[in-house]
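Reading through the structure tokens given below for one structure.
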Amino acid sequence: MVTQHIPMASTAASEPTVDWDALAARARAVRRTKAVVLYAFLIAVSVPIILPYFWLVTIAFSAKTGVAETAVLWRSMAVFVPAVVAFWLTAALAQSRRQLWIGIAAVAAIAVFAFVLSVGPDLHLGNFIFLWEPDFASVVRSRVGEIKGAVQFPNVWHAFGNSILIAGAQTAIVVTVASLAAYYLSRFQFPGRSSMLRSLLVLHAFPVLTLIVPMFLMLYWIGLLDTLYGVILVLVAFELPFAIFIMKGFFDAVPWDIEMSALTDGASRRQAFVSVVLPQVRNGILAIAVFTFIRGWEEYIFVFTFLIRNSNWTMSLYMYWVRDDVMGVDYGVVSAVGVFYLVPSLILYMAAQRYLMQMSIGGVKG
Amino acid sequence: MIHWKIGTAALLCAALAGGSAAFLAATPLFAQETVKLELWSRQDPSGPLRPGNVIKAAERLNKELEAEGSPKRVEVAVRESPAKGFDDDALQLLKVFGIGEGPDIFIAAHEWICAFQEDGFVLKLDDYITKYPQHFGTIFPTLWPSAKCPDGTYAIPQDAEARMFFYNKKLLREAGYDAAFVDAMPERALSGDLTMDEVLEIAKQVVDKTKAQYGVLHRPNKGPDYIMVFQAYGSDFVDPATGKLLLERDKLTAAFGWFERGVKERVIPANNTAMEFDALRKEFYTGNAAFWMYGIWDLGSVAFPTYGLPQDEKAFFADWGWIAGPAPQKGGSPVTLTHPIVYAIAADTKEPELAVRLLGHASAADLNTDHAVTTTHLGIKPEQLEDPRYAKAWPLAKATELLKITKFLPNNSQFGDLNGIIYAAIQGIESGRLTAEKAADFVIEEASSTLEDVTVK
Amino acid sequence: MAKIEFRNVVKRFGAVEVIPDMNLVIEDGEFVALLGPSGCGKSTSLFMLAGIYLPSGGELLFDGHIVNEVEARDRNVGIVFQSYALYPHMSVRDNILFPLRFKKTPRDEALAKVKAAADLVRVAELLDRRPSELSGGQQQRVALARALVKEPQLLLLDEPLSNLDASLRLSMRTEIKSLHAQLGVTTVLVTHDQIEATTMADRIICMRAGRIEQVGTPDDLYLRPSSLFVAGFIGSPPINLIAGEAEAGTVTVDGARFLVEGASGALTVGLRPEHLRIGDTGFAGRIAQIEPMGREILYVVETGMGAVRVLEQGSSAGYSTGEQVKIGFLPENSLVFETARQKLIAGAHVRAPA
Amino acid sequence: MTSIADELTIERRGHSGSAARRRTNFVIFLGPAVVLTVLFFVVPVVIDIAVSFTDLSRSLRISEFTTEQYEKVFRTDRRLSQVIGLTFIYVFGTLAIFNVTFGLILAVTTTAIRNVSGSFFRGVWLLPRMSPSVLYILLWLWAVSPTEAGLVNQVLMQAFGLDAPLDLLTSAPIALIIISNGFIGASMGMIIFTSAIRGIPEHLFHAAAVDGAGTFAKIRFITLPALRWPISFVTIYQTLSLLVSFEYILLLTKGGPFYDTTVYALYVYRRAFESGQYGYGAALALFLIVIGVVVALIGWRFFDMERLLQRPRIEVH
């Protein structure tokens, strides 16, 4: 059947003998070097990120008024770094689940002990005074403290509630509206579909932050200036293009068969969307929900511009205000507020991290 | 005293007249009417009693109204703005007034008042001030210019302070200056004998001969203090004849030259404007800098509580002190700057009379003293000087000496913008991006292209 | 070409041991098939040969040298994946050329080799196309050409035919076999399809749960399956397995009885459908179902010991559903397994009662 | 014979029914997004255009309609050329170093190691994006504080024996804004590239390994071609983001020292908000919008974004 001349069979015999041991040694070396280089690189680039956060937490729990104690940072790092390395080694060397847990428990116990021993006496919760003492500035700064109620910080919980409200409402609206629009863009043929998608990108080119004055005027005309609703709606509009883009990618990836079978089973496309397609894009919804929430949680410039009264203060304004320097910065309290401000983001982020990694700009492969 | 009685009698008469008029008009006598007055205040820990005193004043005014038999009662609602500084706050408030959502009363930095006046947002007060001498009659006459626009008075000074060069006597002595020289510096500055360049020279000695790292430090953001230097070198920024902004290239260059020399001599750090406010203070109060150009309130709010400087007058002056802004050359005039915050009333408030009376009570000597002694600001009335609390706060009494030579920022509606340009130029000089000449050019160029009616000489 | 040897090879993924202990020798130039159900470790073994997975223990030898840690690219193996794994953004030519890139073959020579390889698998006219423009069969050929162009000492085929339709599968089977005959390269085929294995390979390694159940020629596996598993896996339609208890030379299964030679205790009797004959003798049953299969007919016969499959030659059915019949077989065609160990009892036979 | 006519009417009725459904679907699915976007996104742009032809002052008063603002933009504003140059450096610097390149490096390296460790490092790099901007920049300010207490200086002075503290805010402000934005920008690329790399069939890597490709050849011949589309997307999308956003710069350097870190968008903000020249700010903003839209459309064409639209395989509505 196949009668061509085949070069490979003939040349194969003349191949030089292979030094397999040398190859194996080289492979071993390459593999090791690669692992070392990779980990070294990743550790090196990650330290600059971890360190400031660690510093923040350290200061929040240790600093005395006005003076950041750097020694505490380095001493706790001296415990923290070996502990992390030990955890890593335990995880890598453990042969069984039981060994792993025992190892981790042992390392944790030693680390806690060392931590208490080295920095324990320096730790205190005093910087978190703002949580239970709304007039904390008066307490912290004794001179002003002679007249209570003089400093007008809004209650942190009030700001906290406002931020939760803004971020939460914004997330709910963005997720709903973006899912609807993205589904339609992904799955329906309609005139102007292409230009609609293009305008999403064009919208992203609008410098929202420089349009604050027109937005200010518009919010005033529709009566939403100095209300949380105004800020929420502006933020929603701002986040929508990105959320639609991402959600469209997720919808693109849903197999058509699923939807087709729903249609043949008697569902309308709207019903198919709700009952069959939406559950398929759960990860996408989680991802944009997290990003949108964080966006609302951190918003600073809009709330600063559109919320005129401090009954509408958010955590970002609170944070920015606390670190204001007119009366002297108290690093301890600022850090404590920072930690308090960071915690909700972190919790959300830890819970959703694996979904965030599945974000793709779908549509085409290759 | 007699004065006071006549006032009271007049008030009583007026109240009676008002009361009977109301009665005659057949309005139910005891139906109270609550007048809600909105007060716009920047959320500001450096002066929490500025709005606080207005709230307290409402109680007094209401008692007074009750005594008069007036059915009206005042209620103050504070609108606190989250703006970062007085400039941001003023711009925000202008917008809010622009859309007709303005408050009845507001607190502002004095140099902004004419911006409100130009757009007709603020009430002219001259008549009221004469009408209520019991409230406003004793306010230091020197403070009133800060509340004036070309055609009249539009605000009521709320406080005053003094800006100066603090200095570390210990460091100066370490650098080889004898105690007598060091202690005489305030006197010499006031008499015009100490010059701006001598300050740089002393600072240089300190940097060279002691462990201290810095010579002169100043605030790291836009603000009034460094304008002192420009005033020392003769820039007043406003043409007294026309009230328009005035930029004089030579005088600007001379002032910028001082900064340039300071940086060149490594006395002013090149990164002064990049440092955190608190870091700067820390450098000075922990003995790492010779001079700190700032205001008197820093003692009460930071130096004593945070860095533990001696609160006893004698102990303080043993190692620390301050001088007025020195003269540009020997025999010239020294300067100091005060930057009053003012109360003002919206032009469209429904109850201007009540608003004025409210502010009158808020300006009462005892309330103002509360503000003064808790935040180390200077009072506005001579009565306050007799208050034992005020007397106890020796930095205030001491700083009041400087008021004799004090200057203000010009009350020009565009000065806030100009100040921003000047600050940028200082940053440009210190970070080595501009020379003194270039900085002057920059200020003139920027100001002429973005501001209106700028006279350049 | 190469002789391949697994010596006590172990492969673990985390805590899961996929291959506990593998020992196998593949002779130079041989064509062997790794056969087993999915998840039995056959692809894992193949990937270890390719250098994609590293053995967790034991030794893997090429021509007597340990290659455990040698990188894939140094092993000179060609591999065809189940999905073909053609590089989607490259033309067919570039796909085939790809391995030569790293051999630093001069351009002209490389192109000549690509041409030859393409001719060999008859895709020469497709060289400028993209993989997405090819049919499944064409892709398969391109993948084969890519594997062969580097003149590998070992050719690995991972379920290469499973994505083709039935007729294409048949012709590719022949072609791959003849390619092997032509090139003489040691070839390892991984498949779960026993027909593929028996038709193509010289030897079959039947695997189950990471262990080698039996190694042998297709005949060995068919005629002398060493275990119940192999017996059940090889042969289509599958073997009839009847469990019973042997006592005094007689196996009793539910109602029916067999005479047994050379074994006792709990036994499982294996009877291949094609070895059973419907006739006058043997055990009784009733035809429950008839499945014509072209040249043969499969009868499912309901008997006292359950349903028994019988494969009869001929294209038309000689019996009809519901008919009472007797089923007979030659004793030497019967297989007897020890139920407990599931192993073949060599030399044991059963005989249907007369 | 009548049946044909019947069928026709049925079909027609069916069509009009489906047209109504089509309209309703359009309103239900796209309506909210369109309304919100137009109201809070497009309307402000229209207002901005209107404002740019006025002398809207800081008290939001308009006294005249004028083209003076545009004259200022093109004639008298000497800062502008410097600002545009800086914007160029900032956008392309951040994009080239962090958002694309470093994002790619992170995605490739973290997918090359064990998954647990990989997600740990990815988690670390997501941290800046997850932190509120005010806090993130506060950490930066503390870190680069020019005194010995600044974290960078602590490390450099104690671990590397530096003599005097560095002042990065003054000496390397542009690098600083690029890095601080890049730390955040890299994570977006990292996420998208990671998920794209995971989408590459594993067999391709195996095939390449057997074919003789080393690590870098695998990246070049397998990973990068598969990432062409995500890279295009990240490039164009992040170019636009960087072009129009300035929040971090505002919080970190306020555009200083001097005008050294005032990128175009921040320049607009400084003009409009530090000096209340809203009319001029609007004209400058409009100019930026035009640039952004042009970049967006070029990117659309250049990267063939049209491919994002597959033809729907279900035709009914």
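Which chain is which? They are A, B, C and D, in the order written, and residues in each are numbered from 1.
Simple rule for what comes next: contacts are C-beta pairs under 8 Å (C-beta built on N, C-alpha and C of every residue); 3 or more make two chains touch, one makes a residue touch a chain.
Every value quoted in this text rests on a predicted model; they were computed, and no experiment measured them.
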For chain C and chain D, chains touching each: A
Busiest interface, counted in C-beta pairs: A-D
Centroid distance [mean C-alpha coordinates] between chain C and chain A, Å: 51
Distance between the centres, which are taken as Cα means, of chain D and chain A, whole angstrom: 16
Between chain A and chain B, centroid-to-centroid distance (C-alpha), Å: 43
Two or more partner chains touched - positions in chain C: 71, 88-89
Two or more partner chains touched - positions in chain D: 60, 149, 225-226, 228, 273
Residue list for chain B, restricted to those that touch at least two other chains: 95, 99, 276
Touching pairs - complete list by chain label: A-B, A-C, A-D, B-D, C-D
Contacting residues of chain A [partner chain D, same complex]: 34-35, 38-39, 41-42, 45-46, 49-53, 55-56, 68, 70, 74, 91, 173, 176-178, 180-181, 183-190, 193-194, 196-198, 201-215, 217-218, 233-234, 236-238, 240-241, 244-245, 248, 252, 256, 259-260, 263, 269-270, 294, 297-298, 300-301, 315-316, 319-320, 323, 331, 334, 338, 341-342, 345-346, 348-349, 353-354, 356-361, 363-366
Contacting residues of chain A [partner chain C, same complex]: 1-2, 4-9, 11-12, 15, 18, 20-21, 23-24, 26-28, 30-31, 96-97, 366
Chain D to chain C touching residues, read off their complex: 201, 203-204, 206-214, 217, 221-222, 225-226, 228
Contact footprint of chain B on chain D as seen in their complex: 57-61, 72, 76-79, 141, 145-147, 149, 167, 169-171, 256-260, 271, 273-277, 280
Residue numbers on chain D that touch chain A, as the complex places them: 22, 25-26, 28-30, 32-34, 36-37, 39-41, 43-45, 47-48, 51, 56, 60, 106, 109-110, 112-113, 116-117, 119, 121-135, 138-140, 142-143, 149, 151, 154-155, 158, 183, 191-192, 194-196, 199, 215, 225-226, 228-230, 233, 236-237, 240-241, 243-247, 250-251, 265, 268-269, 272-273, 278, 281-282, 284-285, 288-289, 292-293, 295-297, 299-300, 305-317
